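Two complexes come next, and they have one chain in common, chain A, joined by chain B in the first and chain C in the second.
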Partner chain A sequence: MELLQIIPQFLISGLTFGAIYGLVALGFVTIARASQIINFAQGEFVMLGGMVTFFFIKSVHLPYLLSAFLAIGVVIGLGFLLHLLVIYPLRKASLPILLLATLGASLFLSSSSALFFGTLPKALPPFSGKDLLEIGGVSFSAQSLFVLIATFFVLFLLYILSHHTHLGKAMEASSTDPLGADLCGISRHLMTFLAFGVSSGIGALAGIFITPLFYVSYHSGTLIGLKGFISAVIGGWGKYGGAILGGFILGVAESLSIAFIPAGYKDGVAFLILLLILYFRPKGILGSPFIDSRRW
Partner chain B sequence: MRKSALSFIFLFIFILSFSLSYSAEKSPYKVGVNFELTGPWAEITKTLRNAMVLEVERINQRGGINGKPLELIFEDNGFEAGRAAANMTKFTKDPEVLLVVGPFEDTLQATTRAIAEREKITNIIVCPSNRVLREMKQRWAFNIAHNDIIVSEKLVDLSLARKYKKILVFHAAHPLAQTLAEYYKRFGEEKGLKVFISPETHKHTDIDMTPQLIKMKPLIEKEKMDAFYACTSGPPGPIVCKNLRALGMKLPILGTHAFGFGFIIALGGEAMEGVEFPGAKPVVFDQLDENDPAKSINIEFDKRWRERYGTPSDQIAGYGHDIIGLIENSIKRVKGKVTRETFRDALENTKGFKGTHGLYSFRPAEHDGLSKKDLVFVRIEGGKFKRIRFPGFE
Partner chain C sequence: MVEQIHKDFRKRDILYSLALWLLSLILPDPQLHYRSEYRLRWRDLFYLLAILLLPLLFSDPHFHHLMVLAGIHGILALGLTLFLGYAGQISLGHAAFFGIGTYTTAILTTRHGWPPFLAFWASGIVASIFAYLIGKPLLKLKGYFLALATLGFGEIFLVLIKESASFTGGVIGIFGIPWFSIAGFVFDTYLKQYYLVWIVLIGLVLFTKNLIRSKVGRAYMAVATTEDATSSVGIHVSRIKLEAFMVGAFYAGLAGSLFACVMSTATPETFSLNLSVLIVMMVILGGMGNLYGPIVGALILTWLIDTLAQYQDYSLPLYGVILILLLIFFPDGLGTRLRVRLIYLISYWGRKKRREKVNL
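Moving on, here comes the complex of A and B:
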């Protein structure tokens, strides 16, 4: 009886997390669709989005909105640099080597953030003044709604980009059919370069939207990046819709699991779900354009 | 010729012995410092380091202790037990190092204490002791911060003064938070409180406690809890407060003495309003009683701190100040030669040393310097720490 009363509250909390994971997952998918690279520095972009905004507000004393836009600009710049300094020089290396390179970049970015911005955690104020909303006995913060809106807005933009622009189609072609892309005169390196920019922008946006809900510190990107990656794999590696779906499944499952088991196991639930999905549907729920299911 | 050579040798020996004795007199008292200068607590330990450096410079400008300067040797342990142990061992192997200060964090202290015990060197640790370590009755380790027992006793006083009857405790999943919760329950129930320790816990790295709090909500409503005790430290403190308020629960929140760090208010924002906790004296030093010796010590220290670093001093800087003060005070009380053994004995015999945090006294059976009297009731109001008083409890 008690359980039934609190389930709606768990669902709302899960949906908030789902939206966050989905937003982070979209960043992973954007790069994967253009180059098949798994960018493990994605979580660091999320962290930097919140961190740089905080820096502009507190140290340079700029307004919130301007700081947020500047932070997105700075992080997109870092995304471009990551491609130019790490990915491009390794263009002839195999994917596992690139994966390790992004892992190294992630450690570098988090340590640099500790040096530049300090190690104490930082919080941003919520976007709206009155933060608490209540519907039918279920309370949640208005910031959760903003995160939800941001997630679907980014999904919409990415849909337009990939289905209705030449640029988006060229990005996808360079990953799904490299030879065809070359023959059409598409510069695959340029496409990967642009994908890193888009993906880091999404990461920064995610960081700005979720920092008011929690806090940001130099090491907070790692776990959120990992959860975003898991979401992208659960939903179907390489699918935008899959990333969002995976995010919501993961968020709600994590939240609901706490209703039945102690909270200490919450992070374990994410990996359990991933394992189950990989056992029974290796391509993810919506299927993946990159994973050849004939091998199973 | 032989005579002049002989006199030359005598002269040489004379000069040599003189210079040796001279250098021995001027050779400093070396203190090894083993801190988490990098890693998540880097900013906090840098405050500690700055405070210690400030105090050592002041002592040395006045001519040192017994005519000898004090010298700090810093090593970074990076918040890793392995490096903390390596630093500790390195210090113990240097015969000139008199004692070791640090680590700062609870998770590292068991390692360095064991080495201190084996190598017979004093180890002053900043974080509170915990029950398991106290039961080992180690001779060489001393803790500076207020321990779980006195904090829990003071919090029971606060609960009684506020007339809370039923309190729900939500503690972090580490030994210190666990013993804080247990002592609070034990002392509280002796005084007639009804204390519920939630089976739900949280980790230091958790960024959201909403699910745990949702699970507790029915209990809070059913039992009509009077207060909620966020038994934790660091970022989880403000996170718990934020999540609790976001779920629409308005009951009063109690905190631990770790809520006295300035960044806690910045992190929790409005959700921190009204949170009450047993706080250290430097947190509200300007609001202490006029006859409290800690008040003038804090004001004087804060003035020097501001001149040097441009910010107000805080609880952590206060620990740094007190550690150097205790070292100076103990060395001065040593009769005869200052060795690791005599220094330890002198430190253990410290009685009522006045520091920014209050009065430090050690006994062979008691290596935690501070007592319940060194805590005050603090409330967060208007984004600031405010001292609150209850007649009969303070």
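Moving on, here comes the complex of A and C:
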């Protein structure tokens, strides 16, 4: 009986985490839709979003909202820099080199943030107050609601961008048919550049939303980034809706796993799901426009 | 006038060829696999003598220890170069096989009293068994997704090691692994360990060389080029990939066993993603599809990490920056680019002189 009472609680926290994983996954998908690159430094943008906001609030004493916007701006700048300094010089490099370069960038960002902001884990105050809401015996903080709303808002914005603006179409064209995009006069490098900006902005937003929920330290970015990537793969690589769906599935599965197996194995669950989905359906649940169904 | 330039050119030509010959002694050969048959060349003797004499010339214990680590990294990189360099598949989970080797040796020697020599072979075999179990389903993937899946395997391995405390000692690890010993001879100083590790490495290099020159090695390279064409010729692509993966894991298991015997501890933090990235970096730095290159990469990167360690807090950011710079400026290996650049520099020196002469 006790288990049945706990499970809704786990579901709520799972949905919150799922929304965050979904947000991070949206960042990956944005870049993938514009250039087919996978940016393993995405998790560091999430971490930096929280860290820079904390820095502006505690050290510069700016108001919450202003420092959040400033942090997003700073992280977007870093995203642009990452493209200019790492991705653009390697535009003709092969896959393992690009992979290692983004991993190196991730190492650089996390370790230098430890230098700048210290190694102690940090938590922002929740911007919805500390009181808990309670519905049907299940209590949750209003922060979770904010996270859910923000996730769907970002999803909506990205949908508008990719389906109803010229820019979004151009981004997609430069990924699906590079030669055609070139012939139409679309600058592929500019599109990748912009995609990195958008993606790092989404990452920073995710960081600002999670820092009140749990402590963020300089090395937590890598794992969040990987889980975001995993949720993008689960839902269907290259689909916005798939990213959110995969995020929710991963978040709920992780929280429910705590009820049945020791909590230490929680991080293993995500990778186990990844291995299973890659083996049985590499396209992801919703299917992917970038991966053909043939595996071998 | 014409005659004079001609004579001048000849003189310079001898100079260049001398410089190139000297270079060819030191730099690894990027086109190794185009050679059809193997002769013992001066270059090989030079390497062998250098390896044997180096620790005697520099008798600093820290240097010896560093070279032991570099040798272990070299074995790891040699294993991965079969999979990444020759067969063209990415693995970001190679550190896990290293860890499996280390823990196999640690558990067998401390709990079951196996002699280290037997545990050495056992850890290689256990690692390749794991590689078979993991590779069978995962090697169907390609590119980014293969990288991600192997990375996931590495992370699961770490979680399992940390959580199953009764079996692997959890976060604390296993202590008190005995030194490596063969028939009563104990490798207890850094100098002895240096010779142990590097002789194992030389043996593995010879084995790998034969493997690459055999039919199997050709099949690896064919798989790396085009899978469709390879399978149309009648080569079993997925089996070839699995074989390369297993041989790489076997090497990693041996390296892990040596690591356990040298360090006499096994802790989970050693086998994180950073080590996998480091191994892949060694292979890329040495040049894809190059046998000696990864070992040179291992030497350089081990030295680099040791040198950076003195900058303490700044070491990791510096390491990240250097990694990216190396990737940007030497994307097809240090050897290849360096050789081309040096040749260009030497010829530029000559051309500059000639240009000045013409201008006069």
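We take it that the second predicted complex is superposed on the first by the 292 of 296 C-alpha atoms of A that agree within 3 Å, B and C clash if a C-alpha of one lies under 4 Å from a C-alpha of the other, contacts with A are read in each partner's own complex, and residues count from 1 in each chain.
Convention: a residue touches a chain if its C-beta (ideal position, glycine included) is under 8 Å from a C-beta of that chain, and two chains touch if they have at least 3 such contacts.
From a predicted model like this one, the values you see are computed outputs, not experimental measurements.
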item: Fit or clash - chain C, chain B, common chain A; value: fit
item: First (chain B), second (chain C), both or neither touched by A:P89; value: second
item: After the two structures are overlaid on chain A, angle v-u-w for chain B, chain A, chain C in degrees (C-alpha centres, nearest 10); value: 70
item: First (chain B), second (chain C), both or neither touched by A:P262; value: both
item: Touching partner for A:L66 - first (chain B), second (chain C), both, neither; value: neither
item: Touched partner set for A:L226, first chain B, second chain C, both or neither; value: second
item: Partner chain(s) touched by A:I149 [first = chain B, second = chain C, both, neither]; value: neither
item: First (chain B), second (chain C), both or neither touched by A:L278; value: second
item: Lowest inter-chain C-alpha distance for chain C and chain B in the superposed arrangement, angstrom; value: 5
item: Chain A residues contacted in one complex by chain B, in the other by chain C; value: 114, 262, 264
item: List of chain B residues in touch with chain A within their complex; value: 38-44, 173, 199-203, 205-212, 214-215, 217-218, 235, 238-239, 245-248, 263, 266-269
item: Touching residues on chain A, where the partner in the complex is chain C; value: 38, 85-86, 89-90, 93-97, 99-101, 103-105, 107-109, 111-112, 114-115, 222, 226, 229-230, 233, 262, 264-265, 267-268, 271-272, 274-275, 278-279, 282, 291, 295-296
item: Chain A residues touching chain B - in the complex, by the definition given at the top; value: 2, 5-6, 9-10, 13, 17, 114, 118-123, 125, 131-132, 134, 139-141, 213-215, 217, 219-220, 223, 254-255, 258-259, 262-264, 266
item: Touching residues (chain side chain C, partner chain A) in the complex; value: 84, 90, 92, 137-138, 140-141, 143-145, 147-149, 151-153, 155-156, 159-160, 162-163, 237-238, 273-274, 277, 280-281, 284, 313-314, 316-317, 319-321, 323-324, 327-328, 331
